[in-house]
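Labels run A, B, C, D and E following the written order; every chain starts at residue 1.
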Amino acid sequence: MDRFVFLTVNGVALGAIYASVAIALVIIFRTTRVLNFAQGAMAVASAYGGMAVIEYSGSYWLGFTTALVLGGALGAAARLTVFRSADRQGHLNPIVIGIGLLIVIESALAIAFGPTERHLSTAFSRDLLHLGGTALLSRQDLFTLLAVGVVMSLLAWTLTRTRIGLQMRATAFNPVVARLHGIKVGHILTLGWVIAGVVGALAAMLVVPTGLGLFPQAMDLVFVLGFTSAVIGGLDSLSGAMIGGVATGLALSYASGYLGSELTYVAAFVLLLGVLLLKPAGLFAGTTARSV
Amino acid sequence: MLQIKLVRHGLLTLAAAAVVALLVLQSEDVSNFEYIQVAAYVCAAAGLTLLIGVNGQLSLGHAALMAVGAYSAALYLRSGSEDSLASAGDLFVALLVGSVTAAVVGIAVGAVAARLRGPYLAGATLALGACVVGVTTYFDHLLGGDQGLTMPLTEVPAPLSAALTSYQWSALVSLGTALLVLFLLTNLKYSPVGREMAAVRDHEVAAQLCGLSVARVQINTFVVSSAAAGAGGAILGVLYLQIASPGAFTLFLSIYLLAAVVIGGLGSMRGAVIGTVIVLYFGRLIEDRVAHLGLSTAQTDRLAAHLPLAAFGVLLIVVMLAVPGGIQGTLGRIAPRLLQLMETVGGKK
Amino acid sequence: GCGGTSGDATAGAPGVTEDTILLGSTQALSGPAAPYAAIGKAMTAYFDYLNEHGGVHGRSIELKIADDAYNPSNTASQTRKLVLQDNVFAMAASLGTPTVSAVSDFLTQNKVPNLFPTSGSRVWNQPDKHPAAFGFSPNYTIEGKVLGTYISEKFPDKTVCFFGQADDFGADGLAGLEKVVKVAQKQEYSPANTDIAPQIGALKSAGCQVTVSFTTAGFSALTLGTAARQDFKTQWVFTGSGFDIPTLEGFLKEDTIELTEGAITSAYLPVSTAADNSWIKLFKEINQDYNGNARFDFNTVYGMSVAYTVAQALERAGEDLTRDSLVDAVAKGGIRGPMLTPFQYSEDNHSGASGTQVYVARAGVLEPASPIYTTDDGDGDVVESTTPPAEAPQDGLPQ
Amino acid sequence: MNTLTVTALEAGYGNAPVLHDFSVDLPAGTITAVLGANGAGKSTLLKAISGLVPRTAGSVVLDGEDVSALPVEQLMPRGLAHVPEGGGIIRELTVTENLRLGGSWRRGATARRTTELAVAEVLDLFPGLAKRREALGHQLSGGERQMAALGRALVSRPKALLLDEPSLGLAPSVVAQLLAQLAQLRDDTGLTVLLVEQNVGSALAIADSALVVALGRVVARGAASELRGDEAIRHAYLGY
Amino acid sequence: MLKGSPDSGLSVSGVTVQFGGLRALEDVTLSVPPRSVVGLVGPNGAGKTTLFNVVSGFVRPSAGQLTWDGHPFHPKPRRLVRQGIARTLQDVGLFPHLTAVENVMLGRTTQRRAGYVSSLLGLPGSARDERESRRISTEGLDRLGVAQHAERQASALPYPVQKRVALARALVTRPRLLLLDEPAGGLGAEDFEPLAELVKSLPGDPDSPCSVLLVEHHMDFVMGVCDQVVVLDFGRLVAAGTPSEIQSDPAVAAAYLGIDPTDIEVDAGTAVTLTEEPA
């Protein structure tokens, strides 16, 4: 029982991280219908920026802020350069472009910072807090949960309750009609990329310290799991991304704890299949589209 | 019409086979060895072309199906006597086993895939691709874990052994298989069956109203595509790596295959070949160019080590931006215009 | 550049000319395993030093490193290029078990000596199947046995547990350990998943008092950090290749000393922090002059050591260098180098060194805690080594 | 004064010109019907005016301002609304969200209130739609989509409205209602409409003037009542 | 007329369809006798397409039964053509990347004999099959007067041609019942006449007589071709009868034709009269 509680809490803490990656993907997908394969690499690049600032200034929060700003800037830069025309070219070309960008960014980081893992500190202590005898979560875990929760609610509110949010959704589904209604489609798309860049950078700042440290490929597998989470939740839903992330985290934690660590990806796959077989468009898919 | 098309590409295949044979006989061992890899990738890319281009289903997990081909071929070859060479007969059976096993796995994957659309399918297949390592480590007594399964070497059959080096033999077998796969898949694409695949891609409701079972067509396509990937995996494992190990069938392989298919031009078998050659050769060519820039090793070694890969990334982006329709489509569009241009220029003279 | 060497067969063997020997090596320069690129650099640095001081029998050694990004497909093509196109004389210290496994048949078929792959696997010791392949470091089973012996003497009544990578690295280490001590709890991790909290949690609940950890450096750091966070107090025992303090420092930063304090490990080469060791002194100098003063860690010591050993084998092979003469020179035995124990090379044993010494981390420095032990990977006893480690030659050149 | 003046417009797709020397004036508060066979270029005319199809020559003047050089997205804030063929309802948004989109270009403190007011008016105008206000675009029947599309354009409170075959797929009762409402809006608010219709009779019934298009050129124009009576034109171009 | 009780046609009885809180069809009963053309009219959102969806198996009714050929009928879209029913879609529904003739050939899917193996190998048998299918399909296009577009990609065809290709695709299945969803929608007046002639000729076709159920908003078209007209409003059947009976039914006029002087202006009235004027 104790172990179950332990694995559950561990899974939730992990899940919050996958959720943040999932949210970044969902944001871009919701606003541009692009699956950004370079999302992880862009996030890592932002984290390197943050790390450099932390090392130079000694202030974690300065570095943290830098990373988020850099993430936004990279998002804008990606959209305004290589992804500029990608909006109009179906869903496959952007995937290949994203892969190209992923390779370029990771190589550039290896050139600039070297391929070895670099240390990235956390905002708060990772020592587990003792609550009534059992140690479950650390301050950093709480920060992660809080940060992801706040980001999710903020974004959900923006998308569903504000004018900009409506414009973002309209642009995603039908850019031509959006333009006819006075929406500056280019700006909206860029905004989507900026937000995703910021959320991605946040994800990297949260996830990297829990792993081996910062290295160019640090987010490759996290990206796969984040994508899995997003798909489980339904790619259009922010709360779905959150739930999907936590579900993935739990599946991984249980599989790893009860079955063996090598089965973690298999567990993620099985979870994904299970969900998709029941709900082919994810847990939080809207009503199925009327086809005739 | 159709018959002309079929006869024409039958002849084309024969001509290609002749060219390939000449090429192999002319080439050094190193080049022949690389042809094996090209052949393996072409098989998988052709299968992926059918799946994505003709049937409209995306797969980011084809490397896993190639792994199935490689491992099953390995298990078959290892079931014989341990250290002896594998005969030509065994080799052919192994390729067939790889292809058939992948097809069987393809039934299961295809059945799931048939329920999924677009990005959901992409997510599921991506996750499938991430499972290879886990499965091979979990069943390490059978699949050899991280190290994989080594395979017996294959011998050149006696009547040919005087004339061919083992590389020439392997390259001939691989490229021959690839041509066969291309021939069969092209036949399929231009057959009523291929038309049904395209119909399902274009309009599922209308396809149903024509009496098609959308799921069945999608599963069938997945199976054929998996069989091609399995053949490619078996070639890669048996003839190229001589080992089946998880490190060779990573997500990146799946993604490279996708890049090859898209760069070549979706839906065209010729595009699959062009794309594969670009991803493999042109990528390597740039890498060599960059590697020979003469960067001094002491200070710039990080640069030297990673610049080639960066250049490859740039290549992918540039090709996609310059020819968004893929190379094959662009050739198709440019060629008539070039002809026209030549005619007008000729006419003026 | 190697343009001049290829195909010039004046000396009778591929890759060997009047004044050069061309060696090949596949390394992970890019990709996730790129941190090991330091090994290749250290090898090059040693050969540069050697060449400047006269080379081997008047020939300078050129090492051509090809990047395989730790992907067996790339190893396959790069090795063929090195052998068939560049005509390398031998392969030296290529990186990785799955990668080099993918080319061992090819190398054997082409009679290319496959010297000292960077891997503690047992597969290199197959003289019948691969007569020209030789291992280098003691395999993980040997290391497991030595660590087990030390534990059984030092902590006779404690609960011993095992944590290891879910592949041959972990399995071989565990096999060695279990030959000597009873293991109460075993946990595995997969390198693709950095969340090891469930495993550490299981070890903690099993009440492990001594925990032997066959982990790579990154995962050793992760293990220590995760255990500390879970308040799991145990006597840590790490495999040598995963417990190099300068490397751990890259991960743990200011927590290094606190977290590593008292941990036990073993080493088959002089440890990088042993300032007084003659080899370490030599390698530090070379590192300074020929390696741009790179971080001096296990990889650097390893790379220079293996390069020295390769050079020694070439030296012993004599003036009339052929592939056969090289293989014979190694198989004859007698090569020593910086290894703490002698290699076991003979006609029918191609495994590398046979023993290690146990160390304890004290204030960020590894201090010897046992004599040097040797054993085999079978059921042989673990015994004290009778031959003392070799001192570095004054000039740093192979003997 | 003209709300919209189109002069010597040339436009087409790629290098295939569709419209040739096309001019039309829309006096404020009038409905102008554009008639013509399938493929005559009616939709292309509307797209060229709103900038969805690139113009190669000619000018578009909206309420005295030359907007020829402006990108598509700047036209709605200046009072031009275009309801494309089929309506262009966004399938993934609800009816209310689709309607709000018509006012999403507004900025400032009162923007939200103005839009909500306009949305409420539109729902009053189309009671059928009000019942389906939470339905997603893709769930709507063909006719409901058309109503939502027209409603969305009205939410922007346009000066000039470009309507492409609004009667497509609508029941006669709805067509009648829709056109009647259009006429009402013209009379009450001075709305100016350029109305493309296949449904010649209905269009001419409410239009003030009309033009007949064939092969991208204006082949006849005049007051609606004149064209209605002109046998020759009816036979030649209107097919009845 | 193959089996079952041949002359019983399609009948729908007591069908109800619910979408969440919306009742799209409520207790609808109607029948399409053999060799007849039945029109289904009603305001937008009345449930006409939904009824088509029930008959073609895309929507499962929450109550009610269907019979076809005298047997209880549980339609599935992909079985439909085999059972002798073809349907066109409101939004044309061609395969945009295929040519016109390929589109029509897909209508003959159920007659395909060549399997995977012979397709993979490109055996002559499959080529023969293919030639035959192409010939029949070209004839199908010709019957609708669009054979000259056979080799053009469907997405590049003008809208009226697309509509005809879609109709040709439905006809080559040799249906005994054809469901037409707004066949005249988006067509110019000049295209009405030939279409009406065609639809009228179907029930009497000497080699494959076929009854028709059609949804259409152009009243003159409906009145011209239908033997029977059924009127739906808010999912309920409000009237049924011959075209002339329907036209004179005051309930229908109010619900559908919009002739209710109390809430519609004079102009609108004119509009309606005008639509009815020609033909």
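The definition used in the following text is that a residue touches a chain if its C-beta (ideal position, glycine included) is under 8 Å from a C-beta of that chain, and two chains touch if they have at least 3 such contacts.
Owing to the predicted nature of the structure, the values given are computational and were not obtained by experimental measurement.
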{"item": "If a chain touches chain B and chain E alike, it appears here", "value": "A"}
{"item": "Each chain counted as touching chain D and chain E at once", "value": "A"}
{"item": "Fewest hops from chain B to chain D - one hop per pair of touching chains", "value": "2"}
{"item": "Chain whose Cα centroid lies at the greatest distance from that of chain E", "value": "C"}
{"item": "Pair with more cross-chain C-beta pairs in contact, given A-B and A-E", "value": "A-B"}
{"item": "Chain located farthest away, centre of chain B as origin (C-alpha)", "value": "D"}
{"item": "Whole-Å separation of chain centres (CA-atom averages), chain A against chain C", "value": "38"}
{"item": "Euclidean distance of C-alpha centroids - chain C vs chain D, Å", "value": "77"}
{"item": "Whole-Å gap between the CA centroids of chain A and chain D", "value": "43"}
{"item": "Chain D residues counted as touching two or more neighbouring chains", "value": "139"}
{"item": "Residues of chain E engaged with two or more neighbouring chains", "value": "49, 56, 58, 89-90"}
{"item": "Interface hub residues of chain A, defined as touching at least two other chains", "value": "107, 110, 115, 220-221, 260, 262, 264-265, 287, 291-292"}
{"item": "Each pair of chains that touches, named by its two labels", "value": "A-B, A-C, A-D, A-E, B-C, B-E, D-E"}
{"item": "Contact set on chain A toward chain D in their complex", "value": "163, 166-167, 169-170, 173-174, 176-185, 236, 286-287, 289-290"}
{"item": "Chain A contact footprint on chain B (complex, rising order)", "value": "52, 58, 112, 115-120, 122-124, 126-128, 130-131, 133-135, 137-138, 204-205, 251, 255, 258-259, 262-263, 266, 302-303, 305-307, 309-310, 312-317, 320-321, 324"}
{"item": "Residues of chain E defined as touching chain A within the complex", "value": "20, 49, 52-53, 56, 58, 89-90"}
{"item": "Chain A contact footprint on chain C (complex, rising order)", "value": "30-32, 34-35, 37, 166, 188-190, 192-199, 201-202, 205, 218-219, 221-222, 225, 228-231, 250-253"}
{"item": "Parts of chain A lying in touch with chain B, wherever the complex brings them together", "value": "29, 35, 37, 82, 85, 89, 91-93, 95-97, 99-108, 110-111, 114-115, 220-221, 224, 227-228, 230-231, 235, 260, 262-266, 268-269, 272-273, 276-277, 280-282, 291-292"}
